[in-house]
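Right after this note come the structures.
Below are two complexes that have subunit A in common, paired first with subunit B and then with subunit C.
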Partner chain A sequence: MQDMAGHTAGDPLECYSIPIVLEKDADIDNQGHAVLEADGKQRYRCGFRIGGGIDQDPSQSPQGYPDKGIYVTYIHENSAASRCGLQVHDKILQVNGKDLTVATHKQAVEYIRRKPVLKMLVYRKGVPQLHKTGGNPQFQSYNQYSQQYQQQY
Partner chain B sequence: MDGGESVRSGRSERSERSHRSHGSSHHPRQHHHRGSSGRPNSNHRDRRERDRDDRSVTIKTPGQGSDVEGEERIQVQVIQQDDNWGDNTTAITGNTSETGFSMEDMRKFAKEMDDNYSVGFDCARYVGTALAAVLSIFGFLSPIAMIVLPKLGIFEWKALAFGTEIDPMQCRPECEGLLISFAFKLLILLLGTIALFFRQPKATMPRVFVFRAVVLFLVFVLTFAFWLFYGVRILKARETHYYAIVQFAVYLVDGLLFIHYLAVALLEIRQLQPQFVIKIVRSPDGKSQCYNIGLLSIQRAAVWMLEQYYKDFEVYNPYLENATKKPAKLTGFKVYDVDGGPNQTNQQGRSRAVFAAAARRRDASHNDRFYEEAEYERRIRKRKARLIVAAEEAFSHIKRMQEEQGPAIPMDPQEAAQAVFPSMARALQKYLRITRQQPRYTFESVLNHLAVCIGHDISPRAFVEKYLSQGAVIMNEKDYKSMQRWVLVCDQLLTREIEHGTYFQLRQGEVSLLCTVRKIPHFSLTEEVIDPKSNKFVLRLNSETSV
Partner chain C sequence: MSSYQQMSASGQSRTMSSNANEGSNYMDLSNMPMDKQRTMMWPDQYNIDSGIHSGTTTQAPSISSKSHGDELDDEEKLMYEWSQSAGFGDGYSQNEVDDINQTLNQTRSQRVRAAMFPETLPEGVQIPSTQIHPDQPTAVQRLSEPSQMLKHAVVNLINYQDDADLATRAIPELIKLLNDEDQVVVTQAAMMVHQLSKKEASRHAIMNSPQILAALVRAMNNTDDLEITRCAAGTLHNLSHHRQGLLAIFKSGGIPALVKLLSSPVESVLFYAITTLHNLLLHQEGSKMAVRLAGGLQKMVALLQRNNNVKFLAITTDCLQILAYGNQESKLIILASGGPGELVRIMKSYTYEKLLWTTSRVLKVLSVCQSNKPAIVEAGGMQALAMHLGHQSQRLVQNCLWTLRNLSDAATKVDALEGILQVLTQLLSSNDINVITCAAGILSNLTCNNQRNKVIVCQVGGIEALVRTIMQAGDREDITEPTVCALRHLTARHPEAEMAQNAVRLHYGLPVLVKLLHPPSRWPLIKAVVGLIHNLALCPANHAPLREHGALPRIVQLLIRAHQDTQRRASVSSANGGPSLVDGVRMEDIVEGTGGALHILAREPHNRAVIRGLNCIPLFVQLLYSPIENIQRVAAGVLCELAADKEGAEIIEQEGATAPLTELLHSRNEGVATYAAAVLFRMSEDKPQDYKKRLSMELTSSLYRGDQNQAWSDPPGFDDVNQMAMGEGTREQMYQPPHHGSQGSMYSGQPDINRHGFENVPTDSMQGLELGSHPGSAYGPMDNMTELGATSGDYNLDSSMPQSENQHMSWFDTDL
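Presenting the complex of A and B:
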């Protein structure tokens, strides 16, 4: 868990992250008709559930997330999310260029729902495998008062 | 002469000045009078020449100068009149016609006619009840007559004894038992009828009261049939067993008791369950209310509505209509100069334009109305506050004699009221004036009410409550009469039952109540069971969203 140290939203962050491209499925109901949004556009489903946000309280989260980032809490089977390699408890750092570490829950949902293809950067604990000793940590956040400014990869 | 409208004044010089006269219905005669009487008209009538000796007036048309040839000269001959009764001054009234009656006069006449009719129609009020009473007494006394007649010995029963030793006319045990039950049944019938039906009829209805007529008809038929059988079987055939006669009478009483049951069910109980809702809207001021009602005929429903109306509605105060309206500003009006003479036609043209402008101004004043009403409400509230304060202060001067320790002059409530009233008289009068209630309460009535309140330890606010609102119609002492006439208007037969969508109207004088009937819908209730096992909840501490 030491790599899952909490990150305060807004602080600069350096992190090894996994790029994932998710192509959403078109939502189809039982009869095979397309499910439409309120404005008539086709609805797409990604197939996972997210939790968290800077307006949520992480101490209340049943999964025990340490910070206020957006986390994947559940992945439906046979969904676009499972096909693209997303896993539960992944922290989503970026979606299509939008920074989700400083997003509220609603904003994160909105960004995710907006486009049919998501290019995400995801932080997963333990990936990539790094040497624990002397190596660079997978996840390094710089809080405001820290003077360290080391470029680490 | 105008239709009783004009105020006759003595021959005065002031009458020559222009008055606000009404409409353009000027008599040519008035010109004559104006022209012929009164000397100080010269300043008004510069352009007129008058020859007073032969009483003729020459009227010149204006504007073209006095010496132009061909000017019109209207020669007007004044007929010799008796000048002693002087000039007429016309005042503004509600009458626009010079020959007709005004509406106030009509209303006065109508009221007198109504009062005159009251003597004649009072008989109608009691005819139905009298008939019902006669029939029920007839029905009640018949069984008694049936068992008493044989015993009276009128019909020489005993002469036909069969020669047995036992006198069959004597009453034996089973007969006695029957007699006792007969007596009790009659007593119960009597008590039941007295309890339910012996009362002042609360309304005289225009058409026959169908259910009561049905019940009375049944009573009559039953009694008549029984008497028929009695006459044929018992009197003619000389039935000697007294037991049989008593039993016959008991059957009659049973029949009457069942008819009584039917009467109770039809007349009293049937309308208790609410099936309709009637909404009353009062016409001049628009107040409305809804009531529940059962299944009734239209006329009975109207009676019921009137009972509720007297209790629930406020008194209609006709002066309140104009309470918020400020007096119409007539400054824009051209004041009519009755002696206008040559300018007559021009003035008429101008006045029409002035009327139209004033009408347009009135139409655009809905905003004014809003502000006037708000202003009126404020004034009422201000005076109400002053009245309550004055009343509380006045009541604080009074104390019960037992509570007072020092030397005191004992007064009874009337005197106490008179002593205390002057301090709040002015506030009360101002409040009554602004709510237009002052014709309703006299000085004595207020004092009496105050004496009653003082004598019963009523608080000042409760004393003042009587005057704060217009009050229920029935509580209005000034107009309270023990008989009230209303006119029922309906396009359906009045003895039909009310249905969904029935309209009827009740009218009395200015007040008109429009009643609309709606059926209460049939309510279809379904049950939904909450299964305790599926009634479980989880706490959602952190919101998740599915994308």
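Presenting the complex of A and C:
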């Protein structure tokens, strides 16, 4: 698995990802009052929009996303998302430990909404590909010894 | 050498040297002053001792009959000498003396010629000799040898010049003839060139003429005629023994032509071609690239199949080795041409040492290529190489070992390695350090993660051999490190592991291993030893010996040092995300390894007392705060063991472990959470009942939270050691805490606790715990998700799993 774009949900994957910590903003209305959720708790805004999920059809996405992962489709200006380094078209792999590569849209929304601080791992196109070093770390490849060879005539 | 001639019929040697200008003495007596007249009477004056040896004169024979007055004294003395040694009895008459003189003069040139050109002497001629003393050669005699040498040199020069002249004049002619249309003419010309190339002078001429080589190569390329090809190849072969010739061949495009000849069915042509190419590859700069470009590699590999001549094969494989060394592309070409198979076949089929050696070198060069490695292993390379590990030839054995070691990390799935493993175990007793080092390395890799190999090595006495090797290696880490790693593999995760753990102790391995924890051992070795001790501690019989040899304090010391190192690096550069390496080893790994070893060692009560005594409980509590899950796990594990004693539990609580442990309950790592829970539980032994009840509720709920956690995954980077720790059933230990109170059912190991029990729990005691994240109730708190974005796709609220019809729904996004 070299390229995260086009990853089939459920397949094993391995790639470089960018860790991003997003601290949500408390949602404040124009008069400075806190906006509350239905149960009275403070609402938080992340400042971005997500699309995708394993229950969505990516071929119908206007952005032309290649797979059923969760993608950032929009970032509001002056928002927590814009400050934390998230970018449009980032694919969110994980939120607070929850794997979003095999999540429905609603599950993704729910997990993102859950906590006020998001510790995310995102994949961004252009981030260097992971090169498999091959071999279990416990194997010592004794290749270094080949350098000792002298040409013996 | 001139011969002695007896002149006197009486047999007395009355030889006279022509050195003395006796002529004048005898011929013109009347001119002599009176004092010289004495000389006439010298036959009568034998007893005068002149003290001069006639042999010391080095003057060339003087032909002049003039005499100088002052010389006469010497001559006089010489005369006396003669008279003494010659033992003249009679006198000579003047006439006789004159005659003798004359003869000697006339034969002088004969003597000279005889000295310089003995081969020109006619048979049976006696030349009068002037030698007086048998031991004292005349000047002519002494000069004869040097003059002959001079003569030969001059002759050679003359001949050489002839050859060179001849060739230089002939070469333009030959060039024309080689370019002729008529094949017969070309054949003759080629033969002539071949002849010329055999002699040195003409060969030089050929080497100096690029045109004739070009013509020759062209003729070779354009012909089917065997004779032309053979002569041309022979010529190039002769030229290839000289540096200038190699350069000339290279420049005239000889290499592609020679590579073409490698397809020839004629043996002599083939031999000429391969030998010439071999010389070029050895000594001529740029040949390697040219041979590669001309497709030489493929042809050479094909030749390995066709031929049985061992010397031919040796040269061909040596060419392959020269071409492949350091050149990845060549190695891949050899692979694609079926090289590995052929080379392995040669190793199996032949016994000629030189061939085996050159082939093993090719395999060695190929064995570092990631693509060739599996091909060689699949072709049976391991077994083929192991066949020769007992060979007399040291260089062959060494090359085979190096190759085997390179291949060993790709050979873990290979069966039928019993023979190899046995030989390798025996080689550990070798005298040669290189052999031991390689054998240990190969064994280490082959036993890694391979149960079958582990069992075999144990059965052939591998443990004993390895322990002995460590003892004899002293502080040579090149040897001890792979050996310790091999033992580490052998003491865990296979049916005979327990036997192995005991065997190390029985062969007196424990003291020397504990010693290796100390300087001058470097971190890689220390890491390996700690892992081995971890495994050894799984055997209860080893607990006491390990303690007695002082393993515990040293391991704690290493833990402290490594931990301090990580702290220091963390504080110095908080932005520096990556782990830092000392001697190529991460200090975090050392913390984890030592912690894990202490965890197992702490199973024994005495050991626990020692660990407590070393005052490291505060350190373990501190480690609970580590960001690395593995370290959290080992810290919690050690504390769990230590908490089994009342004193331990008290100290742990005093150190304020409760808070971090509670935090760790929520870890997504199963091991961490479980150990943390167990420690808390043990610590709660003496607490009031309601505390215990509340604690157990918390613990339960945090442990059985549901899908918020991942499927329980092993922490990354598990190696043999850690796998053993987890798989060894520490769970079972934890699930039998002593003095367990009323909540006996909780840790029975069955995770099918009544989930609905959650929802009945009063909320206040659930502060900080996450509820409502059951699988299947993922949409329970749906009411939180009021705002689902601007688009209005129809979606199925009740489905937790995606339905196939959802694939067709319009794609939408949600604002968050």
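In the analysis below, the second predicted complex is superposed on the first by the 122 of 153 C-alpha atoms of A that agree within 3 Å, B and C clash if a C-alpha of one lies under 4 Å from a C-alpha of the other, contacts with A are read in each partner's own complex, and residues count from 1 in each chain.
Methods note: a contact is a pair of C-beta atoms (placed from the backbone, for glycine too) under 8 Å apart; a residue touches a chain by one contact, two chains touch by 3 or more.
Every value quoted in this text rests on a predicted model; they were computed, and no experiment measured them.
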| message | After the superposition on A, what does A:Arg113 contact: first (subunit B), second (subunit C), both or neither? | response | both
| message | Quick check for you: in the superposed arrangement, does A:Leu22 touch first (subunit B), second (subunit C), both or neither? | response | neither
| First (subunit B), second (subunit C), both or neither touched by A:Glu37 | second
| query | Touch check for A:Ile92: first (subunit B), second (subunit C), both, or neither? | reply | neither
| Which partner does A:Thr104 reach: the first (subunit B), the second (subunit C), both, or neither? | second
| request: State whether A:Ile54 touches subunit B only (first), subunit C only (second), both chains, or neither. | output: second
| Which subunit A residues contact subunit B in one complex and subunit C in the other? | 45-46, 48-52, 56-57, 60-62, 73-74, 105, 109, 112-113
| Interface residues, subunit C side, partner subunit A - complex | 282, 322, 325, 361, 364-365, 367-368, 370, 402, 405-406, 408-409, 412, 441, 444-445, 448-449, 482, 485, 668, 708-710, 717, 719-720, 778-779, 781-786, 788-789, 795, 799-803, 806-816
| message | Using the touch definition from the top, list the residues of subunit B that touch subunit A in their complex. | response | 541-547
| query | Quick one: in the complex, what on subunit A touches subunit C? | reply | 37-39, 45-58, 60-62, 73-74, 97-99, 104-107, 109-110, 112-113, 134-143, 145-146, 149, 151-153
| said: Quick check on the complex: what are the subunit A residues that touch subunit B? | reply: 45-46, 48-52, 56-57, 60-62, 73-74, 105, 109, 112-113
